[in-house]
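What follows is a set of structures to go through.
Consider the two complexes below, in which chain A is the common component and chain B and chain C are the respective partners.
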Partner chain A sequence: MITFDNAGKRFGNLDAVKDFSITIKDGEILGLLGPNGAGKTTLMLMMGTVYRPTSGTISVNGYDVVKQPNEVRKLIGIAFQDPRVDGILSASDVLNWHLKMTTLFDKVERRRRVEDVLKSLDLWEARKKRTWLMSGGMKKKVEDAKILVQRPSIAVFDEPTAFLDVPSRLLVWKMIRQLRDEGSTVIVATNMMDEAERLSERVAIVNKGRLVASETPEQLKGTVKGGEVLELTLNDGSEFKADLLREFPEVHDVKQQDNKIMVFLNSGTLLLPKIVDTLSTRGFKIESVRLKEVSLEDVFLTYTGQRLE
Partner chain B sequence: MSNTRLIPLIIERDVRVLFSDAFLVAIMFANFAIDLFVTAATFGRLVTGQGANYFLFIAPGSNLITAMVAAFQSGRDVWREKYIKDLTSYLLTLPVQRPVLAFSRVLGGVVRSVIATFPGTLVICYLYGILFTPKVFVAYLVVGLFSLGIVGLSMAVSAFSSSIEMWVTIRSVIQLYLSFLSTLFYSVSVFPSFLAPIVSSNPMTWAIQAFRQLSPISFAQVPAGDSLGSILILAGPSLAFAMLGTICYIWYSKL
Partner chain C sequence: MALRDVSVLFRTPWIIITRGLAFVIQLFVFAYLISGLILVPGLNFFQYYAVGSVVATIASISFVIGYDIFEEAEEGVLDYLLTLPISRRQFIIGRALGGALRAIIYIIPMFLVVAFIEGFAQPLSILSALLSLFLLAFGVTGMSITVAVSVKSANRFDVVLALLELAVSRGSTALYPIAFMPLYVSVFAPFSPVSFAADSARASLVGFSLDLPAIAGLVAFVVVFLGLGAAFYFRRLEGGIYS
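Take a look at the complex of A and B:
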């Protein structure tokens, strides 16, 4: 379990992270969602004992990151946003050395793990290529591979799919989920909505160094009042009265434009049959129905007042 | 996980980074051999009156200059790791104590220097006629001890250099001091008296003297005796600089 208790990091006059408190449970995938400069990387580097918090405390499996940094480092592996690899070395050398430094595996096990991961990430053919000769996407995969071969108790990925094409992104997500299934706690910092939504069991929204919200993606969406929009087109809307739908507690607002009715509501999927039924029993003929669900972007906009992408 | 187990791994990485290209290593060794040959052909015949072949007089210094250049490369790598490649933050996440990491980096630099000068030391030992005696190990000890101090110094320079230009300038000043204010080319008696204390306190002076004292050939101006005294004197600044480099690396790595 990882606990941030009012953790803060100050650089000169700038609070990169301030009063940040969260508990990350064992075996969960937590998405840290925030724009560039929100403090996500600082949070991860504090947890990884690279930065010392200037206020508050951070503990990893009971070890304080300031008082017991060596114990913490044994538990954590961080894949950085920008690949941190020696360009002169090959992917195979980079991974092998990382494993030697972080684990006690023998040569056979190291070779097996490196081969498995490089093959999975479609890097096997390029395993002897110097990393500085690789494309941005390949380098990024090598960076992710360091943690995928290590399989630490706590795996931290900073923008794990930046520079990657769509098939590679899906593959990395799958491998991160496998890592969690094998018992690792996973933290993924991202500014990509779909990554946070598809990968995380819980999303922590970070803005200007502060924790704004932390829930499952569904719970976060539920906090946006009337965030979903149900668009109904009636055959004849002249007799329609908005109060008819306002009786539902999940409905927050109803607007009409000729035959088009827009219902601002929550739990739209559950409520849709009831609304259709109500309108049908009152004699309205529905020509079309369209439900726009709340996206994580709407959630982010609600909490921070800004768009992420 | 024992931290001492990790020391050779950190050294291994440093060595791999410098010697990862076999072709470059071959070029480096060939270049050194050519340098040595040209120096021998030129100075051995040009300068006389030192009581022995002048080339044999300056050859250890020539070798130590190579060690010095290789040692300074370690500081440059450390600087690049922080400002160019941002590898420092990665290294700091590895499960190794900061002092162990820092000292291992210094040791890695020493190993690199000894490897870079390996053929040169061997050739000079052959020319000195000590190749098949235990003195050959002492020769490598001298190179290693000298490199230890210079690697430490180069890491300290890295800690205080905010730009590569500043780093290069400081390195050049130190290299000039080590090369020309030492007994590399001439004996201390040639220097003006006010420079004599500076020359005598130069680690290069003691490293060269220790090396020359390994030779059965007697050089004019080189005090007789075995190398032990000179090695002990060299050990002082070398260990101090290694300590300074270690402390500076720890301080400099705090992001």
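Take a look at the complex of A and C:
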């Protein structure tokens, strides 16, 4: 379990992180969602004992990051946003050295693990290529591979799929889930909505160094009142009355433009059959139905008043 | 960590080969020619220069660790290294030791050539001279780390380190005897750590005698700069100044 208790980090006059409190359970995948400069990397570097918090406390599996940093370092592995690899080393050397430094595996076991991960990430053919000669995507995969091969108790990924193409993104997500299934606690910092939504069991929204909200993606979406939009097109809307649908407690607003009805609601998927039924029994013929669900983008906008770039 | 720094050397063997060749050319062309022009009773300048050039080279190579550390901090590799499960103390000692070992390994082929030129008195002469070189390398590594973690601007860092390298190497008895130096150099040259190492190595190789004051000077240099380097580095890494 990881606990941030009013943790803060101040650089000169700037509060990169302020009064940050959250508890991350064992074996969960937590998404840290926030724009660039929100403080996500600072949070991770404090947890990884690179930065010292200037206020509050952070403990990792009961070890304080300031008082027992050596114990904390044994538990954590961090894959950085920008690949932090010796350019002169090949992918296979980078991973082998990382394993040598972080585990007690013998040479044979290290070689086996490195081969498995490189093959899984489609890097096997390029295993001997020096990393400075690799493309941005390949380097990023090598950075992720360090943690995927290490399999630490607490795996931290900073923007794990930045620079990656779609098949590679799906592959990395799958391998991160496997890591969690094997017992690791996973923290993924991202500014990509789909990544946070698809990968995380819980999303913590971070903005300007503060924790804004922390729930499951579904719970967060539920907090956006009337965030879903149901668009109905009737064959004749002249007799339609908005109050007909306002009787449902999940409906927050109804707007009409000629034959087109827009219903702002929550739990749209569940409510849709009831609305269709209500309109049909009143004699309305429905020509088309379209439901736009709440996205994490809407959630972020609701909580922070700004769009995630 | 020490092994990591040492292995850097072997990843670029062409650097060792070209620098080695440059050393041989410098010795057997430049030093050989110059020694023909310098005729001082009781002094074989070729032999004098041969030892001095090895000592100056090891000092120069030992400064490289500072560039490595500065570059790692700039490129963010230091963040990664600091997340690895090793204590800060081990980290710092490892870096200093790695820098010194790297310099010694680099210099060994050149040193052996010089030892044969000098007609070393006995195997202990070689060990004793190597000890002096190692002490110099360790101290210079500490000095280089001190500068790397104290100076924030890259340009300033380059200038400071280059000046320091020039001062300790050129203002020393490595390449020319103190008797021929202008006054403003001869005042400081006896106190240069490169002078300590050069005098001590010469004493060891020719006739195997220990230059105890020079060795004491080297030990003091190591203690001061390794201590300073470690303290500054530790403070920067654990005290939050680094962040």
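One rule holds in what follows: the second predicted complex is superposed on the first by the 308 of 309 C-alpha atoms of A that agree within 3 Å, B and C clash if a C-alpha of one lies under 4 Å from a C-alpha of the other, contacts with A are read in each partner's own complex, and residues count from 1 in each chain.
The criterion applied here is as follows: contacts are C-beta pairs under 8 Å (C-beta built on N, C-alpha and C of every residue); 3 or more make two chains touch, one makes a residue touch a chain.
Note that this is a predicted model, so its numbers are computed, not measured.
Asker: Consider chain A as the common anchor and indicate whether chain B and chain C clash or fit when overlaid.
Answerer: clash
Asker: For A:Y51 in the superposed arrangement: first (chain B), second (chain C), both or neither?
Answerer: both
Asker: In the superposed arrangement, which partner chain does A:I78 touch: chain B (first), chain C (second), both, or neither?
Answerer: both
Asker: Please indicate which partner A:N70 is in contact with in the superposed arrangement: first for chain B, second for chain C, both, or neither.
Answerer: both
Asker: With the two structures laid over each other on chain A, which partner does A:G34 touch: chain B (first), chain C (second), both, or neither?
Answerer: Touch status of A:G34: no partner.
Asker: Quick check for you: in the superposed arrangement, does A:L104 touch first (chain B), second (chain C), both or neither?
Answerer: Only chain B is touched by A:L104; chain C is not.
Asker: After lining up the shared chain so the two structures overlap, which partner does A:D86 touch, if you call chain B first and chain C second: first, second, both or neither?
Answerer: both
Asker: So chain A touches chain B in one structure and chain C in the other; where do those two contact lists coincide?
Answerer: Residues 45, 48-52, 70, 73-74, 76-78, 80, 82, 84-86, 88-89, 97, 101-102 of chain A touch both chain B and chain C.
Asker: Please name which positions on chain A make contact with chain B in the complex.
Answerer: Contacts found on chain A: 45, 48-52, 70, 73-74, 76-78, 80, 82, 84-89, 93, 97, 100-102, 104, 130.
Asker: Touching residues of chain A toward chain C in the complex: what are they?
Answerer: Interface residues on chain A, with respect to chain C: 9, 11, 45, 48-52, 54, 69-70, 73-74, 76-78, 80, 82, 84-86, 88-89, 97, 101-102.
Asker: Provide the residue numbers of chain C that touch chain A in the complex, in ascending order.
Answerer: 4, 8, 11-12, 75-77, 79-80, 82-88, 238-240, 243
Asker: If you look only at chain B, which of its residues touch chain A in the complex?
Answerer: The contact residues of chain B facing chain A are 1, 3, 6, 9-10, 12-13, 16-17, 20-21, 85-87, 89-90, 92-97, 254-255.
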